[in-house]
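Before I ask anything, here is the structure I am working with.
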Amino acid sequence: MEIFQKEINLSAKERGFHLVTREILSKTPELEDFKFGTMHVFIKHTSAGLTINENADPTVRDDFESHFNKMVPENQPYYKHTLEGSDDMPAHIKAALLGSSVIIPITHGELNLGTWQGIYLGEHRNHGGSRKLMVTITGVK
Amino acid sequence: MEIFQKEINLSAKERGFHLVTREILSKTPELEDFKFGTMHVFIKHTSAGLTINENADPTVRDDFESHFNKMVPENQPYYKHTLEGSDDMPAHIKAALLGSSVIIPITHGELNLGTWQGIYLGEHRNHGGSRKLMVTITGVK
Amino acid sequence: MEIFQKEINLSAKERGFHLVTREILSKTPELEDFKFGTMHVFIKHTSAGLTINENADPTVRDDFESHFNKMVPENQPYYKHTLEGSDDMPAHIKAALLGSSVIIPITHGELNLGTWQGIYLGEHRNHGGSRKLMVTITGVK
């Protein structure tokens, strides 16, 4: 078995949910060398998260943003951590709900995702900037 | 170290939370060969999720379903992705809240779960059908 | 590649969100031997969870507790699993929202976390007691 590790950057995105499968794959061509294994993608930030969801209809991403804004609203009276803006504390909570990593099986040099699955970046800040990901692939070549 | 990978199918389940530890184990006897490692179970769908929770009292699963329905209701005025039925968009969001994979330590050929832990399938569609899982075991034999 | 596995205990904590990076690291000095890899930390309980979030301002942890109590309230009329106290069923749901494990990249013998990231224990019971974690490290030395 072998391991491969690499830090990559996602370009800055506006607040919302974004399909980033292609952007991640274009920066990790080393994946093709692995016959079987898993790819661990970890986001090195606390106000953006990663998850896996529908890769087709873009309104799914819109509805995620609408519902997350309702489920974790800004300006709640009990928030104490408010100095960095009204989008900051909700961004931390949303990031924890999605999680900081996704792990995807690799089969014959490709991500073994379902037909309708893609990797989402949940960008929860109004101006989050570029986001750093650590990719760790473990498997057999 | 060695790696083992297999696709398995869970039988169709009604909407709700289901304990599937035994169904998964019965389809992955290869687990017994691993002395130490981890089992990654990945669901290849975007409207059902996996998590780990209480394996004893079945009302825990009922309460999960009731609360998820409250936390992510159907027919919200801001949903745009509505063509596939009122249960569809909430199913995507619920799936992301649970997550698409669980990773469980393996010790001496068995899942090293706590006494009260089991694997849950969160089936969020009214008629989700059979669900495909990819199991990847990494460890030493 | 090599694998290392160990069960560790976190000291009992009061209900709320706690930064436990240092406590975990102090009990897993074996991490330093791994050049590249991942650390899987798994909690063997169903009413406490693990996540990764901000390691600096402690009010972030306070706001997590306040918001989780609002998002998953006690004493909902639809809860059936109530025998173990009003904090019990919400604790199960909160644990599933956070997740039962975190996986963190290891680079040059250290957790490769972002500057502001730390490991949180979400202790959702009023009197949860000590919590058992299984740590599995996979990588190259």
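Assorted remarks:
Read from first to last, the chains carry the letters A, B and C; within each, the first residue is number 1.
Just so we're on the same page, a contact is a pair of C-beta atoms (placed from the backbone, for glycine too) under 8 Å apart; a residue touches a chain by one contact, two chains touch by 3 or more.
Since we're looking at a predicted model, the values are computed, not measured.
Excluding chain A, the assembly's touch network remains one piece.
Annotation: the chain A:chain C pair of sequence copies touches via predominantly different residues, less than half of the used numbers being shared.
Distance between chain centres (mean CA atoms), chain A to chain C: 20 Å.
Multi-chain contact residues, meaning those touching two or more other chains, occur in chain C at positions 1, 71, 97, 99, 103, 138. Those residues of chain C whose C-beta lies close enough to touch chain B in the complex are 1-3, 5, 40, 42-46, 71-72, 76, 78-81, 89, 92-93, 95-97, 99-101, 103, 132, 134, 136, 138. Of all residues in chain A, only 1, 36-38, 51-54, 57, 59-60, 62-64, 66-67, 70-71, 97-99, 102-105, 107, 112-117, 120, 138-140 touch chain B in the complex they form.
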